[in-house]
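What follows is one structure encoded as structure tokens, with my remarks underneath.
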Amino acid sequence: ASERGGRPKVVATIFPQYDFARAIGGDRIELSMLLKPGMDSHSYSPSPQDIINIQNCDLFIYIGGENDHWVEKILDSFDEGKGPKTLKLIDSVSAVEEELAEGMQEEDHGHGHDHGHAHEDGAEEDGHEHEAEYDEHIWTSPRNAEKMAAAIKEALASVDPENSSFYEENARAYAAELEKLDEDFRRTTDGGGRRLLVFGDRFPFRYLTDEYGLKYAAAFPGCSAESEASAATVAYLIDKVRKENVPVVFHIEMSDEKTADAICRETGAKKMLLHSCHNLSREEIEEGATYVALMRKNLENLKEALN
Amino acid sequence: MDLIAEMLSYKFLVRAATVGLMVSLCAALLGVSLVLKRYSMIGDGLSHVGFGALAAAVATGASPLGLSIPVVIVAAVLLMRLTDGSGIKGDAAIGLISTSSLAAGVTAISLSSGINTDVCNYMFGSILAMSKGDVRLSVATSAAVLLLFLLCYNRIFAVTFDENFARATGVNAGRYNMVIAALTGVTIAVGMRLMGALLISGLIIFPAVTSMRLFKSFRGVVLSSAAVSLSSYLAGLVLSYAAGLPAGASIVLVNLVFFLAFAAAGRIR
Amino acid sequence: MDLIAEMLSYKFLVRAATVGLMVSLCAALLGVSLVLKRYSMIGDGLSHVGFGALAAAVATGASPLGLSIPVVIVAAVLLMRLTDGSGIKGDAAIGLISTSSLAAGVTAISLSSGINTDVCNYMFGSILAMSKGDVRLSVATSAAVLLLFLLCYNRIFAVTFDENFARATGVNAGRYNMVIAALTGVTIAVGMRLMGALLISGLIIFPAVTSMRLFKSFRGVVLSSAAVSLSSYLAGLVLSYAAGLPAGASIVLVNLVFFLAFAAAGRIR
Amino acid sequence: MAALVCRGLCAAYGGREALHGVDFELPAGAFLAVVGPNGSGKSTLIKALLGLIKPSAGTVKLEEGVGRSGIGYMPQQSESRGDFPATVYETVISGRLGRLGLRPFYGRQDRREAEKNLRLMGLWELRTRAFRELSGGQRQRTLLARALCAADGMLVLDEPAAGLDAETQERMYSLLRDVNKKEGATVVMVTHDLVRGAAAATHVLELDGGQKYFGEAGLWPGRAQYGSGEK
Amino acid sequence: MAALVCRGLCAAYGGREALHGVDFELPAGAFLAVVGPNGSGKSTLIKALLGLIKPSAGTVKLEEGVGRSGIGYMPQQSESRGDFPATVYETVISGRLGRLGLRPFYGRQDRREAEKNLRLMGLWELRTRAFRELSGGQRQRTLLARALCAADGMLVLDEPAAGLDAETQERMYSLLRDVNKKEGATVVMVTHDLVRGAAAATHVLELDGGQKYFGEAGLWPGRAQYGSGEK
């Protein structure tokens, strides 16, 4: 049991780490997610109850990207020694990301974070220097998910040592599942002739494309930088779809899908969803969706897009 | 010239130009009255109302767009009502209504779980992503707005300039205030959905304020607003294509250039 | 009572109450002048300026907060300048400045690579998440604002009521306009960072408009605004705790209730 | 035939009565001067006559022939339109609004009327100037020209002479007499000028919160006091 | 000693000259009536005297003794403060602003002054009323009382009589004569009332775009025309 007695209380900010903790902690932890189903992290502001929950929990798990500014402020506001043990997941994967970057061919490694264009080759500019502004969507790569799950296991074991073997066991099983997922992704992406993904939307999948050596073109950078496409970008995407006969244009969840629609209208491509797992709608939660299930669905859609 | 021909070869740009020109014409014409009546921030304010409506719609299970468009129109009418004779000025009324709706929306979200809404969806539209249905809707509503504006031009002038006088000569000032409110509501509701609140706000404020730098007659200001609005829209679109800038932001920036030019010209005279 | 004792046992709530009461008092006092000068939407408008500054800061590699706070203060001063004698009214000037900065910010983002800034981060603050440094900063600035407001009270009245008269009697109206602008800029810059633009906007507009429903003297309105603002802040915080609602939204909603009550009372009289 | 009938008219602002028990019947074609000290309810009466405020008691009836659209109204304080872009011409022709009926635009007749009144008030040279750039008296003249444009049977003027120069005042009074006598329009005018203003009138209504006097101008007791010259 | 010296004063609005070559020297303790038709530049002159607009040419000098803070100013058209919450008392005492110096609040002396002027203008009963709820003439009186509060050596009034009832006008003129004679204040007053207004004055400045006449009131040619009664 935890230091405060009873099952350890664990609070996760958004869905991916919530799901990982659920898989590892099972019913031995008291787990809750701050962002209610369907809520957008941008319009989230914590209520006093939320803060009290954070303050009184045993383990608080968050990503630590740009969108988590409020988290840092809340943690800062706790007195020394009060507050929970915290786990900042972006720390658990940053090294990995660099390692992966080395192993990849430069031309396959696009940085869609600028004009909304994808740079197919020679994308040597920035990207690597901008560690401070890391793309926070680390969980979109199953390999990163493994690292995150491992970090969560460690943290759980440290707040609740009595159950560490239970966590260890669950984590091993879950890691196997993720490994399988990774293999399937790799097989799909290696097999297909096509390497280009076109997004008529924001692009939170940088870790995914980096991982599997995919190229991408997207309308908007990142996830939280809400802006609108330029005419040149949309024209570029249309040309791209036409020239390379791209069969599928992706959009992400919780989007108005308008840009993707526009490209599809103009080119006849099919519109499909690539779920970035930020957060789920109530229906999805009620249907018992998990990270692995969502990623498997993504895999299906990827297959269609790459063939 | 080549650039333009190239642009015209994309259907989505042709659509954006058609819809954009219609909507920006409406916004510019109504903008003159709105700016004079101290409703400059109405686009920004109503976008918050739209957010509140959306949140409420999802909370109660109603159709989001089916609810938010009429709510925005009703809010525009309410706004004009709120300021009628109560001594609350336009901008304060906009502030009241918009902060209240935002607060209500945020509360609704926090009470009912399972909403995917984002205030920012209302700030930035996707001006370039219009379906045929969007085009038809906006052309039809804009045409109606333009026609009504033209027919009521003299009455709108009189009611904006001196409501008491208009009322004393037997003009139903309340009715024409409603007409202005309804036209505004429709233009903003449609424009906001297609072009986003940022751009609609800009299209309402800039042409009118710019034209007032140089023109002294109501007619001059109205005509110049229309001209400024149409030219900045086109120039902004071309700029966005040529320089790869976001479309809405480019249009606003071209408008800003017009404003600075007119202000400088007004100084010199 | 138990509820309050329970609330007081949480340090973060005590801090939120301290800072919030100070800032909301400043906002309410300045709000009276701002609403009367047609600057009701200044909170909303400056939040867009803050976004533009943030985008520019990241694009140029400057420190985001170090740039955005002074920029917001400068924008407030500029705003007052822009309306001085140019015939551009406060709300139109706010619209011009805010849409321009938003457009510039969006453009800056699209030109420089890899920025994750969000306008909406400015809409909703985290009122409950204040570090000791925040508390010190806000208490110190609020105290300064309050003191200056008190010392300049009569001059602020005169300059707001009839600037020409004040100027003719040798009062340096420009200077006091600058004082108002600077105090406003500081209050909004600090308040926005801690409480978000939604709440600051509400705290500026609601108490003043509410008090004007009942009070006819400037002094009455100022005093009542302060009282309304402080009580709604406290009531909103308690409501938020008891009902599990977002704090900022609860405070705005309590303000709305006050407004409706005062408006009804004003009708009856 | 009565142009205007007031019966037991009272008006209040937020509970405080500003006007009490005004009761008179003005024959068509009359020229009524409304007089009384500041705050005696003159402007309140005018607003009640025009339906701009609702009486708290009593009724106002206009002659059937004269619809609201035939009234030329000149307010006491035009809300300061500090930034409104409108030329003098646009302001004056907007007086013809009531006469538009279902037509959307002004016709030749409207334009001719507007031009005539511009000339009458000595505004012809200023017609393309912006209203916001006028001097106080020039604004007053513009609003008077607008009222004349609107008048078709009835003119209601709230202190039209305030701010006009001596010569224009003369011109205005003789103009009002003409409109009243030759065109047979009923004129209701609030004035503090008991010398010339009241001299032009056929009837006088003296207010002081309530109605102190109504009747022919010649019989008004105040006439003896001021009417013969300066006090 | 001259209270006011204008030398070759010109003023323009956006390139159009409204006032040209005004050149005079007003002795301290004089009572100057500024007259001229509408749009002749009277208000423009006043604004230039007070530094509210910048002359396009020429200079204005005030007597050294009288700082800006000793001037009581009453504008022609107060910007309509349709919604401003201010009581009559608050408005009137704000006239003492220039006298505050470094003090943040009004003292007993200021309050006494304000009360005196409220009574003088017959506003005592109205002192807690909101300015926005006043009738036109009551507003005019309030602004006059404010100007009197501010005056310490100099009063500058732009058509103070417009909108006042006959009795208050009388009261105002005699008050101005008192302030001028007994307290020795210099008074500059724009007026269209060539009968009573100009009669009170010691000096007359007649404008018509340029300066048509400046000199003692008795020698003013216009006096013969209007001064002896109605035209």
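Each chain carries a letter (A, B, C, D and E) given by its place in the written order, and its residues are counted from 1.
One rule holds in what follows: a residue touches a chain if its C-beta (ideal position, glycine included) is under 8 Å from a C-beta of that chain, and two chains touch if they have at least 3 such contacts.
Everything numeric in this text was worked out from a predicted model, so none of it was measured.
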| item | value |
| --- | --- |
| Steps needed, at minimum, to go from subunit A to subunit E via contacts | 2 |
| Chain pair with the greatest number of C-beta contact pairs | B-C |
| Gap in Å, rounded to a whole number, between the CA centres of subunit D and subunit C | 46 |
| Centre-to-centre distance between subunit D and subunit A (centres being mean Cα positions), rounded to whole Å | 74 |
| Between subunit B and subunit A, distance of the C-alpha-averaged centres to the nearest whole Å | 37 |
| Subunit D-subunit E separation of Cα centroids, rounded to whole Å | 28 |
| Multi-chain contact sites of subunit D, meaning residues that touch two or more partners | 79, 82-83, 132-133 |
| Two or more partner chains touched - positions in subunit C | 87-89, 106, 110-111, 118-120, 123-124, 212, 244-246, 248-249 |
| Subunit A residues counted as touching two or more neighbouring chains | 42-43, 45, 47, 115-116, 226-228, 230 |
| Partner subunit E, residues of subunit D touching it in the complex | 13, 36-40, 42-44, 76-77, 79-80, 82, 126, 133-138, 140-141, 159, 162-170, 192, 194-196, 226, 229-231 |
| Complex contacts: residues of subunit D adjacent to subunit B | 50-52, 67-69, 71-73, 75, 78-79, 81, 83-87, 89-91, 94-95, 97-98, 100, 104-106, 128-130, 132-133, 146, 150, 156 |
| Residues of subunit B touching subunit C in the complex | 35, 38-41, 44-45, 86-92, 94-96, 98-100, 102-104, 106-107, 110-111, 118-120, 123-124, 198, 201-202, 204-206, 208-209, 212, 244-246, 248-250, 252-253, 256, 259, 263 |
| Subunit B - residues contacting subunit A, complex | 7, 10-13, 16, 58, 106, 109-110, 113-121, 123-131, 196, 237, 240-250 |
| Residues on subunit A engaged by subunit C in the complex (per definition of touch) | 42-49, 51-52, 55, 65-67, 69-70, 73-74, 76-79, 111, 113-116, 125-127, 130, 133, 135-136, 221-228, 230 |
